[in-house]
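Look for subunit A in each of the two complexes below; its partner is subunit B in the first and subunit C in the second.
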Partner chain A sequence: MYIEEFKKYYEKRHEYAKDFKKKHPDWKIVGTFCTYYPEELMYAAKVLPVRILGSHEPQNVTEPHIFGMFCPFCRDVLAQGLQGRYDYLDGIMIAQSCLHVRQSYTSWDLHIPVDFRYYLPMPHHLQSARAKDFLKAELEKFKKALENWTGNKITDEALDEAIEILNENRRLLRQAYDFRKKDNPPMTGLEAMYMVVSSQMMHKKDHNEILKNLIEKELPNRDLGIGDHIRLMVLGSENDDVEFLDMVETITSNPAKFVIDDHCTGSRYFWNQVEPKADRLMAIAERYINRPPCPTKDWPNRLRLEHDLNLAKEWNVQGAVLLQQKFCDPHECDIPIFQRAFEEQGIKTLFLELDVLVPVGQFKIRTEAFLETLSSEDLF
Partner chain B sequence: MITAGIDCGAKTVKVVILKDDKVIGKAIIPAGIDTKKASEEAFEEALKEAGIKKEDIDKIVATGAGRADQPFTKDSVTEVSADAKGINFLYPNVHTVIDVGAEESRAIRVDGKGMVMDFAVNEKCAAGSGAFIEAMARALEVTVEEIGPLSLQYKQEIAMNAQCAVFAESELVTLVHQQTPKPDMARAIHAGISDRIVSMARRAGLEPDIAVIGGVAKNPGFIDCLNKDLNTKVIVPDDPEFVGALGAAIAAKEI
Partner chain C sequence: MAKYKTEPLKLWNKAKEIRQQYYKNYATAHEKGGIRWAGGAWTFDAVPAGLGEDVYSLTSEPYGASVAWNKNFALECQEAAEAFGFARDLCSYMRNYWGSILIDKYVFGGPFPKPDFLWQDHICCSHAKWYQNISYLEGGIPMYCVDMGAGAYKPFAEVTESQIDYIANQLLDGIEWLEKVTGRKFNDELFFEACWNDFRSTSRWAQICELNRAVPAPLEEKTMYSLYVLATLQKSWKVVADFYDELYEEVKDRVDRGIAAVENERVRVITDTQPPWAFLKIFRYMEKYGCVSVGSIYTYGLEGMFVYDKEKHEFNHRPLPPKKPETREEACRMLADWHMCKPEYQHFVHPEYKTLMMDAICKQWNVDGVMLHYNRGCEGLSVGIAEVRLGLLKRGRKVMTFEGNMGDEREFDEARTVQRIDAFLETFGIRKSE
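Take a look at the complex of A and B:
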């Protein structure tokens, strides 16, 4: 079963990275704090980016370093470093996203020695006419920094190869997501999460091999018998909360499945490709400027809203669960507007706030009640 | 010289009488809602144990949240200073003292002379205090005395958020419905409070040796979790709840 491979890689992310280093001594591994990092340049310089995520466990090491009103995710991320779980990293980098996760990056930089560190000032005002030129100039600086550090010249050929590997991954993930449009989706929301998040922790060539087998040999005939389940969308901030997704998808009173998402640990990460052009750096810049935006960068117009409503329509969604990391202001500002817009389209919403650990019992009561309201529409 | 320290805590009033650096009398009385009355009772009992009269005492110093409500003295020190002096008197090598009381917890970094170098106190939430353990014990239908030893019988570590006493109780209800064994739930409660306390203590800075005082220090389940989280063996004085009053009695010598 190819679909189960992703879960293994997700759970054994550190073992994979350490093994990768052994097998590829000419490569370096850099931990990343957000999904705006330009992977193409890193691959071209023989640098494997691995996204640093939390472990959803209680910890007591970050209190002196992170403000109390910063989100639990940034705290959980830093805890991984302070507890030595990413001791194999050669470097760290962040492409500016939000203030909270930037604090994780700067604290990591202060307290955990690494060979290479890079702060890339990814523009916030993506809708500015100058954003692409600005980012391209920053990519040039990043390219030089990578070349100086690794000693590897980033040639056009290396960039083209990296773009193609990453684009292939994005194409394949989109294809796998397309299967979820079916009346009887061959994949659960939890499986989809494992599939996407594992791609942020593996070399894309390895990931692509599994994806190809999955799409060709498994998904076309996979029958989970969930054609009568309520079709849900999940959207919001970072979410790799296995326990939460599993809880929702195993409710028996009114069974439901997530069929589409908008998370940086989901579709937002891979949705669009680099459109090749002679000016490679501009092509890469355009990809990151034009991708479905994080709310920190989605202004003055809320482009993500229209994108999400389209996803809901295309994947025939009946209800939407809006998740947010506690204290995540950018997402929180979006919640009322998103809820109103979804409700106007006849899609009921449930809003839940995530912490490092999910209070499954409380969330289950609310989710069951939400699903009950969705199914009662059919009954009466 | 005979001095006395009176610690008017949220839950109990403690009195320590000190003569030439030796404790000659001590008493602990539930504070109730009348701190003045409880203080008088505690003082009376301590005097009885010491075999002296109030007039024999040269100086009295008060500490604790209700220190202004006792009738014996206007001289007072904060709980932070009292804890620092008390622990330095007992264990001069202790450089970090963690005080977990009924309603408040604090961590204090102390120099070799009992002076406060830095300190941190818990936030508004009760999840890092004795009241939290009391509430959780009620939910598990065991006594406060039973919950600590019960937690040591755990078979499985379960993670609890325990950021807030109210939400933690809801989490506990979920575990009850999942038919989680009582010792495992008790362990989860103590692990949660320990995480909270250690997080706070890191703000003050942890420097060995580390001592734990206050009523909750008598809870072996909590101490076991602390030892694990701090990766050390913490020192627990014989009468951990009296250390603040002892510190006040020492302060009385200096005023």
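Take a look at the complex of A and C:
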């Protein structure tokens, strides 16, 4: 079935990239950190961006490079490079994000040879009217750097085509997420995670083809028989922890499914589109500024909180699981406030801290207890 | 028999008095009909100065450090922040500050004085979030925050007009915001004067740090903490700028007369990041070996304005701008350009920039070794620190590390640190005098 395709691409991300390179020798592949990278420009320059994620395995190669007080995700990401798993990359780039993953980029830059490296100072003060002009100017510089490196001129036509490919992907992902509003969702949280994360690792045209088939041929009639399951939301820092999601969704005592999320490996990545306008770079800048923010860029107002409460309402959520990478400062600053706001709306919360490896046994006990509180009416 | 002459710093008491006056001014501002605001030590404090001469600030990092020095008070604050739900690994200054609000106690006595507005800048992941949560905990204080994330400064990166514009325009918007939230008319003349004081304080402090290139060093780092702190409180305050002029003369005189900070100076080191404030006695311990810490990129470059010269591989103070600002726009652009250059800001983009500056300090300040504080209390200044270690080792520098926390003593192992210091200093062939 189509939905299973995503898992395959997620697990075979390196094979896909290497194969892509063989099939498209005129394209280059650039590894990216975080999700603020302007994909449209890269596609228009025939550069395939692939997001570098960790492998959730113990490793002993990053200790000399990143102090242990930084998040396990950034160390896991760097470990992939130091272990040579991304040896097919032609370049790396980061659009300024949190300090943690910025270190993955800078250590990669120092120790792993690539042809192209680029640091784009993506603004943090997204709520300032000044952010758009600044980002547009930075996109101009990035455009020139890509042109110089690849030798490919980024024309308006190429940009329009790239915008449309990416917008289509975002539209289709939103459509797939809409199916999850149903009383009996045709997709689990884990499947949704595979669906979104795989789009960060493959060419969007390939991804769009699978998505179209999924939406037209599979989801409308797919019955997982989970209409009576507890509806959960998952939110927080980067999360592609398959084992954890699978554990929660296979608990049998009080079965539950994730029906919506706010993660950079989930809805936050694709939620809004580029609104086309004559000034293409400004249109792109506005898209990245207006997307649901990472907490490190969400100030002075907490716009993400309002967005997340709306998601919880629209997807009829009963409980929220707040996941946070250990040491993730931006989320740690938000979590107590988010928990209070969710509880005020009558949505119970469970907070769990992630490391590279998840203590599934302990988390299972805590999750089961949490689910029990959500179904207490049935118990007593 | 002492190797060098030494004597106390004549301006020591004056530095203490200015600091005391600063905290008192803030606490009593309302009694005098004034305004009080809170913001970080890195913030553009020259801007709120345009609201009048009765406007007083409380900067958060020095406040968090003051709390840290008082171990019992710090613990009370940290436990209050943790009980609220904040993670124990967050910035310890931040937890000390939030804790003060939660327990409603000012470390200098009395209830915690609530600011009228928040004026902050964003440099690390926590800076804006810190104040977002102050606003939340205080029930919604108006907040404005300037993003400094426009990239590194020359020579590490090209600096374009749009980068300066981004910061300067946020400041211009901030001035309108200040007028709106306070109901006061902004006085440009006061603002220009405050800008000039900012440039004076930060350029002069850098020159004072340069005097420490002398052998013997006229200042040691523990003392420097009590001096540089004035710029972290209010670099745009004329009292601070004038004090640094006076201090420069006194330190220069010490150099001219060969007055040492440590009378048996044998080995010179630099440190990195904030020290564990509750354990400054480790500096005195090092002196038993004849080891003097002549500073750090932290004590020099958090407030001191330096420029790295790529061609000469030198780290020198940035001279004052050629003239005072004459228009609001010009003042904002000058401030933006000046503060983008801050040495402590560069490593937020890449650790290699910090390595280069520290290596230049080693060369120009005659440094024998580097002690890196792997500071669990501050992600901002610890970012990239492991790469800095590798970079300095690659350049042939002797480096030791010790792990701790600037503001949370629960994360500092004094005995272990002392043992590491012993081992490190013995590599220089020196022995401790009892």
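Keep this in mind: the second predicted complex is superposed on the first by the 376 of 380 C-alpha atoms of A that agree within 3 Å, B and C clash if a C-alpha of one lies under 4 Å from a C-alpha of the other, contacts with A are read in each partner's own complex, and residues count from 1 in each chain.
Here is the rule we go by: a residue touches a chain if its C-beta (ideal position, glycine included) is under 8 Å from a C-beta of that chain, and two chains touch if they have at least 3 such contacts.
If you're wondering where the values come from, they're calculated on a predicted model, not measured in any experiment.
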Touched partner set for A:Gln59, first subunit B, second subunit C, both or neither: first
Partner chain in contact with A:Tyr88 - subunit B first, subunit C second, else both or neither: neither
Subunit B versus subunit C as contact partner of A:Gly361, first or second or both or neither: first
Contacts of A:Gln96 with subunit B and subunit C, given as first, second, both or neither: second
Which partner, subunit B or subunit C, touches more subunit A residues: C
Which superposed partner A:Arg130 touches (first subunit B, second subunit C, both, neither): second
Which superposed partner A:Asp329 touches (first subunit B, second subunit C, both, neither): second
Partner chain in contact with A:Asp109 - subunit B first, subunit C second, else both or neither: second
Touching both subunit B and subunit C, residues of subunit A: 63-64
In the complex with subunit C, residue positions of subunit A that touch it: 63-67, 69-70, 96, 98-100, 102-103, 106-107, 109-110, 119, 121-125, 128-131, 133-134, 137-138, 141, 295-296, 299-300, 302, 326-327, 329-330, 332-337, 339
Contact set on subunit C toward subunit A in their complex: 84-87, 89-91, 122, 124-126, 128-133, 135-136, 143-147, 149-151, 160, 162-163, 165-166, 169-170, 173, 348-352, 374, 376, 379-380, 382-387, 389-390
Partner subunit A, residues of subunit B touching it in the complex: 123, 159-163, 167, 170-171, 173-175, 177, 191-192, 194-196, 198-200, 202-203, 205, 229
Parts of subunit A lying in touch with subunit B, wherever the complex brings them together: 56-64, 68, 355-357, 359-362, 364
